[in-house]
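In the two assemblies presented below, subunit A is common to both, partnered first by subunit B and then by subunit C.
What follows is the complex of A and B.
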């Protein structure tokens, strides 16, 4: 036992001496949280709208001022002919255009219908759809206020946003960032650490010593286990204090599930380290093969249900996906263990499976 | 690997990345069970926006569905829905949306609101005589999406993936390059030759630059064959941009290389910066929605500019005069990064 502790201490020294990697290990989640929390948003805001008001009557002015006062648009008015529109879009100055024909007000009052045209830059379809939605809502609200029927049925829906009354746009990302960081740190760094010994030749020395090979692996994994728990805590604290996210669930349960996931990632790291003898390959494998699937198949950046079915099936093999669901349910929805026992079981099963293979394949002789 | 990777990425990423909100899982709680409520439910079902997750018998049961993640929105119809509609002409409905994913909740409830609105109107016309001035003041909104009328998300993603390819090859591989020589010790031998610093660095860059352009070409061919995306604009303009951008990114990789002492570190640092660049560049999220300080950072990265112009040239057919400012940005970046790398590289330690 004392031998093991000595080894663990040595491994800790190794980790702390590589300042740059340590910095990145802790800096990465901080940067990501700040980015995801403040800079990136899937909301559509600050839309550059060009309005061509060919009517310039009371009605069109009223609609335009309504649009200006909504926070979504940056309005610039120009008198552009239809033919020049394409050139304007090509310059990239405008995301959408709203055109009032010159008989707008007249048509509205006398003939009953008045057309307006919205043209969007369809390069980003989601933005295009959202712009049409926003503008349609504003115009229809104007119509209802000024020309609406007093009588008539009104079915009035009241919307309540569950779990997120403040409308925090970053909630979705936080469990994703956790999964990503833990996966990167544990898998990549652990595997590199073990392979480095192989590359440098010091692994041989360790193997011929009376020290059991299993303890070597465990000693290498422990510093990363501890650091990852620390990392997870940092992310949690940042989410609560910097982003204002409310942790609704059971915190010990959160830690338990995270430790389970960390062990899963460590096993993966071990497996990778068995498969290769060069640090470069180990890092490449971990980053490319583990990270990209984690980003895509967890569902935190891109909705899983939109992907083709084979992708959805593949996503079940990615441990991060299960972890992401668990964190979402426990931290953001405040659910208890009875809701996540299935995912926990899957994660536990994966861990046992990976560990067994990794340990079996670990060559005790070179 | 260098050839397989672009193919794989070009095929997997656009297939996986579809941000469209297509199906929203809806659970309905009908406390009224009247004709009007049945009509509402059938109107909602017929709209095609929702995957109906069945009728729950109480709000609590429906909430369970949300907790388990099987439903995204609950529509609750209060008891005496029909009665109140007929008597008071007004009735409230309750919608509960799982707002953890803000976009989905927003778009899903938007769909539901518009379906309810059309249900309202239909009720009106069916059950009461239409008032005289109802037809006045109807604003007829027509809209069209240019450059991508069907709103296919792939058109947006594929040009960005092309940029991603160049970034990976340029950034990672050059970052590893000099460090590998440092680690192996062969750099000492080069340092003692009379080869000048800039000749050395240029020599390192050139083969990878050629490979990068080949990969870019393969990428364009795949996008045309697999996705039917053919650049609308001038293809020479596109290549000019790609060439300058590649030099810039390679300069960045080299810079990282000169600051790192071993390969693992270099890769990690490169990965860190690449991730920040990709996230801030408008690949996944729109730049317009960013706060001012974030936009500034985004503007400072060459990736942003190339993604913007790449999309512009391919999808909209933008011409030289539209993109020339961006071009000069990229040239400036290339010069800046490469000069820094050359200056930082020391022949003696």
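What follows is the complex of A and C.
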């Protein structure tokens, strides 16, 4: 046991003296959180909307003032004819246009239907669709308020974004960032650390010594285990205090699941280190094989439900997907262990499986 | 007659159809400096790995430091030291940290490590560098330090795998002084090398060719028997007819 402690101490020396790696380890989550939290937002805001109000009656004015008071649009009113519209779009002066025909108010009162025209820049379909939705919602809300009763029974959808009342777009990515960071740090750095011993030739000396090989692996994994837990804490704290995310779930449960996932990633790192004797290859393998699937298959960048079924099946092999779901459930939805025990079991099973293979292969490659 | 610390009888290692080590037999006496020579691919490294407890022989017997190579590998490991070609030191650890690490790995207690490491550092003249990273040391110092670390726990046998690669002749000479000192202190030195002049420094040498030991004697006797002037000639004559070349 004393030997193990000696080894662990050496490993900590290695980690802390490698400034660059430390920077990546702790800088990466901070950068990602800031990027995702503030700069990149999947919400569409500040859309330049050109309104041509040809009716100028009570209704159109009220709708327009509602639109102005929402955060989404930068409104500029012009009286422009159809022909000039295209020029305005091309010039980039507006990304959307709303046109009230001059019979708007009358149509509304007398015939019950009053068309308005919404024109959007279809070259970015996502934005276009969102614009249409926003405008339609505002108009329908207006309609429901003022004319709803006249139409008799009407089903008015009340929209609530569960677990995320403010429609805060940043929430989704925090579990994703956690999974990604832990995956990269644990897998890549652990595997590189082990392979480094092989490259340096010190591994040979260790094997000739009375030091048991399995303890080499344990000793190498422990500093990264500790640092990853620290990392996770930092991400959590940033999420709560910088981004204002509310942690609804049981914090110890959160830590337990994260530690489990960290061990899964460490096992993966061990497995990768068995496959190669070159640090570069180890790093490449870890990043390419681990990072890409984590980004694609966890569903935090792109929803899994949108993917073709074979992809969805493949995603079940990616440990990060299970962890991501657990974190979402516990942290954002506040669910307890009863809801995530299945995923925990899967993750635990994967860990045991990976560890067994990694240890077996380690013994025989020497 | 001093005792044998290494005894091999018909030691063999087979990889599938390939006989890397083909029934070699020899023994090494305590305190001896034993040179283990051979061309690349002759089976030297494979043989040494078996003696270090790194791999199991396919057949044959071997007793190292009194322990059986099949059943007592852990005991063997505790009683030997090893210095690899790449010097086996951690460049981003200090001199003292390296010494303390290996001392700890071999199960030495803190106090012994501390006293011995300070004595060692002083002897090597590395006191001003003791807290510096090993990576900053010149090659010759690293080599001497690596050897000292290999014998730090006072093993019965120390295995040196081409320990003087890339080092100038003066430093090599100094290195061999250290080897002599260890040998005089009762540590048996088992060394492989490509430098034929170093072969002269050994008490006895063996030459492996194609997995077999083709010669085993003192340098003087070998030169006499083969009518050679230098050890290089000895080596050429023995290894010339080799069928294998290059590292397998």
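Here is the rule we use: the second predicted complex is superposed on the first by the 266 of 366 C-alpha atoms of A that agree within 3 Å, B and C clash if a C-alpha of one lies under 4 Å from a C-alpha of the other, contacts with A are read in each partner's own complex, and residues count from 1 in each chain.
Going forward, a contact is a pair of C-beta atoms (placed from the backbone, for glycine too) under 8 Å apart; a residue touches a chain by one contact, two chains touch by 3 or more.
Computed from a predicted model, the values in this text were never measured in an experiment.
When the two complexes are overlaid, the chain among subunit B and subunit C that reaches more residues of subunit A is B. By the touch criterion stated above, A:211 is placed in contact with subunit C alone, subunit B being left untouched. In the superposition on chain A, contact is made by A:89 with subunit B only, not with subunit C. Of the two partner chains placed around the shared chain by superposition, neither subunit B nor subunit C is touched by A:252. In the superposition on chain A, contact is made by A:17 with subunit C only, not with subunit B.
In the superposition on chain A, A:283 makes contact with subunit B only, while subunit C stays out of contact range. When the two complexes are overlaid on their common chain A, residue A:81 makes contact with neither subunit B nor subunit C. By the document's definition of touching, of the two partners only subunit B reaches A:332; subunit C does not. In the superposition on chain A, A:127 makes contact with subunit B only, while subunit C stays out of contact range.
On subunit A, the surface touched by subunit B in one complex and the surface touched by subunit C in the other have residues 18 in common. By the touch criterion stated above, subunit C contacts subunit A in their complex at residues 52-54, 74, 77-78, 80, 82-93, 97, 100-102, 104-107, 159. Remark: subunit A residues 18, 20-21, 24, 27-28, 31-32, 35-36, 38-48, 86, 89-92, 95, 108-109, 112-130, 132-133, 135-136, 139-140, 142-143, 146-165, 167-169, 171-172, 192, 196, 279-280, 283-284, 287, 296-297, 301-303, 305-308, 311, 325, 328-329, 332-333, 335, 339 touch subunit B in the complex. If you check the complex, the residues on subunit A that touch subunit C are 2-3, 5-7, 10, 13-14, 17-18, 200-202, 204-211, 366. Contacts from subunit B toward subunit A in the complex involve residues 12-13, 15-23, 40, 66-69, 85, 89-107, 109-110, 112-113, 116, 119-120, 123-124, 127-128, 131, 133-149, 151-153, 155-156, 176, 260, 263-265, 267-269, 271-272, 275-276, 279-280, 284-286, 288-291, 293-294, 297, 308, 311-312, 315-319, 322.
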